[in-house]
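What follows is a short report on a single structure.
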Amino acid sequence: MIVLNGSPRDGTPSLGVLLDELGLGSDARGVAVAVDGEVVPRSEWDRWALVDGARVEVVDAIQGG
Amino acid sequence: MPSREAEPRLAGLEIAGRRLASRLLLGTGGFQSFELLAAAIGASGTAVVTVALRRIDPAGRGSLIGVLDAAGVDVLPNTAGCHTARDAVLTARLAREAFATDWIKLEVIGDERTLLPDAVELLAAAEELVDDGFVVLPYTNDDPILARRLEDVGCAAVMPLGSPIGSGMGICNPYNITLICDRAGVPVILDAGIGTASDAALAIELGCDGVLCASAISRARDPAAMARAVALGVEAGELARAAGRIERRSHAVASTPEKGRPVL
Amino acid sequence: MPSREAEPRLAGLEIAGRRLASRLLLGTGGFQSFELLAAAIGASGTAVVTVALRRIDPAGRGSLIGVLDAAGVDVLPNTAGCHTARDAVLTARLAREAFATDWIKLEVIGDERTLLPDAVELLAAAEELVDDGFVVLPYTNDDPILARRLEDVGCAAVMPLGSPIGSGMGICNPYNITLICDRAGVPVILDAGIGTASDAALAIELGCDGVLCASAISRARDPAAMARAVALGVEAGELARAAGRIERRSHAVASTPEKGRPVL
Amino acid sequence: MIVLNGSPRDGTPSLGVLLDELGLGSDARGVAVAVDGEVVPRSEWDRWALVDGARVEVVDAIQGG
Amino acid sequence: MPSREAEPRLAGLEIAGRRLASRLLLGTGGFQSFELLAAAIGASGTAVVTVALRRIDPAGRGSLIGVLDAAGVDVLPNTAGCHTARDAVLTARLAREAFATDWIKLEVIGDERTLLPDAVELLAAAEELVDDGFVVLPYTNDDPILARRLEDVGCAAVMPLGSPIGSGMGICNPYNITLICDRAGVPVILDAGIGTASDAALAIELGCDGVLCASAISRARDPAAMARAVALGVEAGELARAAGRIERRSHAVASTPEKGRPVL
Amino acid sequence: MPSREAEPRLAGLEIAGRRLASRLLLGTGGFQSFELLAAAIGASGTAVVTVALRRIDPAGRGSLIGVLDAAGVDVLPNTAGCHTARDAVLTARLAREAFATDWIKLEVIGDERTLLPDAVELLAAAEELVDDGFVVLPYTNDDPILARRLEDVGCAAVMPLGSPIGSGMGICNPYNITLICDRAGVPVILDAGIGTASDAALAIELGCDGVLCASAISRARDPAAMARAVALGVEAGELARAAGRIERRSHAVASTPEKGRPVL
Amino acid sequence: MIVLNGSPRDGTPSLGVLLDELGLGSDARGVAVAVDGEVVPRSEWDRWALVDGARVEVVDAIQGG
Amino acid sequence: MIVLNGSPRDGTPSLGVLLDELGLGSDARGVAVAVDGEVVPRSEWDRWALVDGARVEVVDAIQGG
C-alpha cells in the first residue's frame, strides 16, 4: 500500500510506474514529486523505489498568488 | 521630455542580475479563465508571473504552463499556504523541480485569516533557501528591520505588503514602506494590498522598485483593463519619482503672479 | 484588453459641447522658460492650457501666445488674483477681448495666504458671467453644495480643489470629492493640490472627469517628465475606474487556493 | 493727463494713438484694454477717446495657473 | 501640575460675553427617552443644549423644557431643516419667542442627503439675524474663507463640521479646521461628525474652543457613558494643547540614553 | 451615568495577576529634573514607571529610586539599547538584581536610527526570559503575527508601537493595532509613538488595554499638564469604548427630525 | 376657515381663542406662533385677529441637533 | 588589573572591596553587578572573587524608556 496525495492505494508500484499511470513522463512540465517528505529529482523518477506505506505527493502548477 | 533611454533606472527592474522588462509582476491567482489571464498578461506588459503548486488533478491537467509559455513570461513559483520554514523549504524544492527555476517567491504565513507573514519562520526559510542556491524573493510585512535582515541573509529582493493579501486597502503605512526603500540594497517590490492604479503609482513614488499585483487585477470586473491601468500607474509613478516632485507645503503658493494685476 | 475605442467614456473630456483630446489641463504658471513650458505641453498631451492677464510690459512683450500656438493648444484664461465678483467679471471680459474666447477659468479668492475661493463672490461672478454668455469653469472648494449651486447657475464644469494651490498636499478630503462627483451633471475637474502622479490617478478614480495641474508640473525638477507622469496617472486612473476595482476589505482574501496543498 | 497702468502720463492722447505708441495694433493677440473700469472692444480701440484723468489699463497674456 | 485656575483659557468657553462652564455643547436629538437625555446631560457637564421647533402635538406636549430646566442647562435653539435664509430667519424669530433667548444655532442646509450647509444662504441668514440682534452661532462647512466671512458679519462663534451630521466619521480634513482656528477671532466650535472621545480631543488639540456633539452621544449604546467620555476627551484635548505637545518627527528619538550602556 | 464600579473592565489593567490602578504607564526618560518627573507621576496617576540601567556614575548617584519610592509607584525596568537576545537577557537579569522584580520591559532593537524592534531576537529573548521566570512585557512592532507568537511563548502582555519611539506620530497603522487587540489573550499596551492625548484615547478605543507614554509627556513644554492630559485621554477612550460608539457612515443622519417642520 | 399647522379647520377664531383650545397660555414655554409667515410676539397672542384663510403655525420645542 | 565599566584599573580587589570603594553595600537599591558577562547575585557580592583581567560592570538605575 502507498498513500498518493493523501489517498491510500493498494500495491507498491515503483514511482516510475505510478507516474506513468498518471500520464506523467519525466518531461512533464510544472510537475514535481515528493516521497516521504523528500523531493525526488526529475532525473530519478524512473528508478525511485517506493516502500510499503510510502507517502507520495505529486503536485502540479496551478494559478496562484 | 528626457528620453527614458537617458535614465538607466527607468529601463526596468533588475533582480539577481536578471533584468525584467517591466516593474509589474503579476499573480495568476483568481482569474476566472485562461483567456482572461492571457489577456491580462498581455495588457500588463509583465515579464514574470507567479504560480503555485497543488496536488495534481488526475482527471485532467490544465494547460496553465502552456498559456504562460504562449504569453512569453517567466514563471515565479510561490510557497503560498506554508506555515513553517520546513514546509516552505520543501515546497521551494518541489518548485525547483517542477519549473526548472531556482527563483522562489517565499511565503510563510502566520495564520489563515490575515495571511500575514510569520517573521521568524520566514527568515529561517529564507536563510536555508539562500544557502541552497535559491534566488529568494520573500513576501514580508512592512517591518524595516525584518526587511533588512532578509537582505542580510541574501534575499535577492524584499516584498513588503501594503495591506493584507486581497484586501485592496492599498498601503496602510506609507511611512514604513519609505523606511524600507530608503535603506534597502536590493529591489523592493510592493506585494499585497494594491487595490487600484493609484496605489501602484504611490508604491513606486515612495521608492519601491516594483509592484506585484494579483487580486486587484484578477478579480477586477475587467481584469485586462485593470492590468493595463496598474501598469500605467507603475509607469506614472516611476516617471514622477524621477521627475522630482514638489515638496508638500501647508500653505498655498500662487501659480499666477500677483504683480502687474490691473486695477479695474 | 478592451479597446479604448469601445468605451466612449474613455475618449476624452467634453465641456460645453467641446471634446478635449486629454483629461489633463495644464497651468502655465511657474515654468522657468518657454522651452520648459513647450516641452511640458508636449509631454502632457494636453489640449488646453491656462493663462493670465497682467499689465503689459512695455519693455518687451513675451512670445507666450506664440509658444502656445506652436504647441497647438487652446488657451483658457483665468481670473487669478481677483477677490470680488466685480473684479473677476471685468477680468473675464478683458480675457474675452484678449483671447477671442468665451471660456473662462473663474477664480475669486478669499485671501492671499490660502488662495482659497470665496464661495459667495464666486457664485455671484459665475452667475453674471453665464448670463453674459461665458463658458464658466469655476475654481471652487470641495463643498458639494457649492459645486451643485455652481452647476445650477449654468457653469460648464466645476473645478474643486484637492488642497490649496501649489501646496502639493494632494486630495485632503477624498470623501467630499466623491460626493461632488457622484452628484455632478457637469464635468468635475480636480484643480489645485496635485503633487504627483498618484494624486492625479486617485482624482480620476474617485470620479473626476479631469485634472488641472500647474505647480506640480512647472515646479518639478524635471517639468516635462512630471507632465508625462501626471498624464499617465490620469490615464491609469481612467482605465482603473472603468475596469471596476475590487472592494476594500478589512480581511485577507487568498490569491492562491488552500485546497490541494500537499502534505510534505 | 491720463493714468496708464497706474502711472500718470502727460497729455490726453486718443486710445488708438496710445496703443500705437505701445506697438499694439488691433490684431495684437493676448492684449486687452479697459478704460475707467470698462472693457474697450478691440474693434473700437481706434476710435475710443480718452478724457482727461482717464485710467487706462492695458493687459497682456502671461503665464498663470 | 499647573492649576487650571492659573490658566484662564482653561476656565471655559466664552461666547458673546457669556462664560460657559463647559466646552462641550450637547445636542438633544436622538435620545430614546428623557431619562437618557437627563443622564447624558449630567454626565457631560454641559451648560448648553440645543433644541428644535416643530409643529405642536396637540395630543400631548412633552416635558422637554422641564427636563432641561431640571438639569439646569441653557437652551440653544436651532434652525434645523431650513433650506433658505428666509426660512432660517423666520425660524430663528420663532425660537426667540419660544425660548426668550436671542441665541440661535443657525443651520441652513443644502440638501437632505448630506445635510451640508449652503454657504450663500447661510451667510445671508447670518447677516440678517445679526442685524436683528441675534447672537448667531452658524453651523458651517470647513471652508476657512466662509468661516471668516461669518465672523466678519458679526457671528458670535463659528461651528465648522468635522464630517456630515450623524456620520461619526470624525474630522475628515484636520488641515482646514486648523486653518479656521488659526485665523478666527471668535470661538470655533466643532459641530457634526464626532464619533467618539478621541475625535473630540483631537478637535480641541487642533485649536477648537469647543465641541458640539449630538448623535455620537445620543445614539451610543450607553449615552451617558459616552457623554462622560466625550467630556473627558474635550478636557484631555484642552490640557494637551496647553501643555505644548512634542513635534511630530519622522525619525525615532531615544527615550533612554545610549551613553553608559554596559558591555555584557 | 453608569457607575464605573458596575463595569469591572473599567477597574484597571491586570497583568500577570497584578492589578494596576491605572491603564497609563509612564516612561521616566527625558524629564529635565526629578521635580518635573515627580509632578508628572502625580498628575498621571500611573502605578508603574519604567527605568533603565547604565554604568554607575561614581561621582554621585542620583536619587531616582528615592523619587519613585516617594511617588509610590512600582518600577518596571527595561532593556533599552540592547540589540541581541543575549544582551537583553543579561540586562534583564541585572535588572532583577537591581530592583528585586521579575518584571521586565523587553526591548531588543534592530538599529539606532529607527529604534524598531528586531522580531527574531525579541522572540528569542522573550522565550528565554519566560523560561527563566520573568514576567515579560515586550516592546514589539505592530505585526499581529509576532504579537501572537510573543503571547504564545508566555509573555504577560504585548506592547506594540504606534510609531517610532519619540516620533510623536501617533498610531500609523490603526488597522494592525485593531488586529492585535482583537486576537490577544493578554493585555495589549500601546507603546511608543503617542504624541498627545487624542492618540492615547484612540489607542484605547481601538482596543488596547493600556498605554505607555514617555517622550510625549517628558518632553512636552509642561510635562505634568501633559501627563494629566494623556491620563484623561486614556480614561476618555476607556469610557467611549465601553459606551459603544455609533458606526461610521458615509452619509448624514439627521439629529433633528424633519417631520413636523412648520411651513413659514 | 383657517389652516392650522397644515390642516384646514372650520371657523375663524381669534388667535387667543385658538391657543386656549390648544391649552396654551401666553406663559407656555417653548411655544411660538407664526401667522401667514409672520411671527406673532407672545405679548400679542391674545389680541391677534385671524383673517379667513389664515395659515397659522404653532410650534413646540422638541429634541433636536 | 581589572576592567571596571570599561576602564582598566590596577590591582585585583575582591568584588566586595571594589563595591565598598564605590560606596555600595548589598542593600544598595537600583544597583547590579556583572562579572565577565555573568550577573552576580546581590547575596554573593561580598564573597565573589575577581580574577586578573576580570571585566566588571556595575550599573545603576537611570531615567529611561
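Per-chain residue numbering starts at 1, and chain names A, B, C, D, E, F, G and H are given in the order in which the chains are listed.
The rule is simple: contacts are C-beta pairs under 8 Å (C-beta built on N, C-alpha and C of every residue); 3 or more make two chains touch, one makes a residue touch a chain.
Worth saying up front: this structure is predicted, and the values here are computed from it rather than measured.
Q: Trace the shortest sequence of touching chains from chain A to chain F and report its length in steps.
A: The distance in steps between these two chains is 2.
Q: Using the touch definition from the top, list the chains contacting both chain E and chain H.
A: F
Q: Tell me which has more C-beta contacts between its two chains, A-C or E-F.
A: Contact tally favours E-F.
Q: Tell me, please, which of A-C, E-G or C-D gives a repeat of the E-H interface, judged by over half of the contact pairs matching in residue number.
A: Interface equivalent to E-H: A-C.
Q: Could you state the distance in Å from the CA-based centre of chain A to that of chain E?
A: 71
Q: So, what's the distance in Å between the C-alpha centres of chain B and chain A?
A: Chain centres of chain A and chain B, defined by C-alpha means, are spaced 32 Å apart.
Q: Tell me, which residues of chain E touch at least two other chains?
A: 27, 29-30, 52-55, 57, 78, 80, 90, 94, 114, 116, 165, 169, 175, 214, 250, 255-257, 260, 262, 264
Q: Considering chain H alone, which of its residues make contact with at least two other chains?
A: If we look for residues of chain H contacting two or more partner chains, we find 5-6, 34, 37, 57, 59, 62-65.
Q: Which stretch or stretches of chain E touch chain F in the complex?
A: Against chain F, the touching part of chain E is residues 1-2, 27, 29-30, 39, 42-43, 52-55, 57, 78, 80-81, 86-87, 90-91, 94, 112-116, 164-169, 195-202, 205, 214-216, 218-230, 232-233, 235-240, 242-262, 264.
Q: Hey, which residues of chain G end up touching chain E in the complex?
A: It comes out as residues 5-6, 22-24, 29-34, 37, 39-42, 57-65.
Q: Quick check: in the complex, which residue numbers of chain A touch chain C?
A: It is residues 5-6, 34, 37, 55, 57, 59, 62-65 of chain A that touch chain C.
Q: Applying the document's contact rule, which stretches of chain B touch chain A when the two form their complex?
A: 27-31, 37, 50-58, 61-62, 64-65, 75, 77-78, 80, 90, 93-99, 105, 107, 165, 214
Q: For the complex, which residues does chain E have touching chain H?
A: Within the complex, chain E touches chain H at residues 255-257, 260, 262-264.
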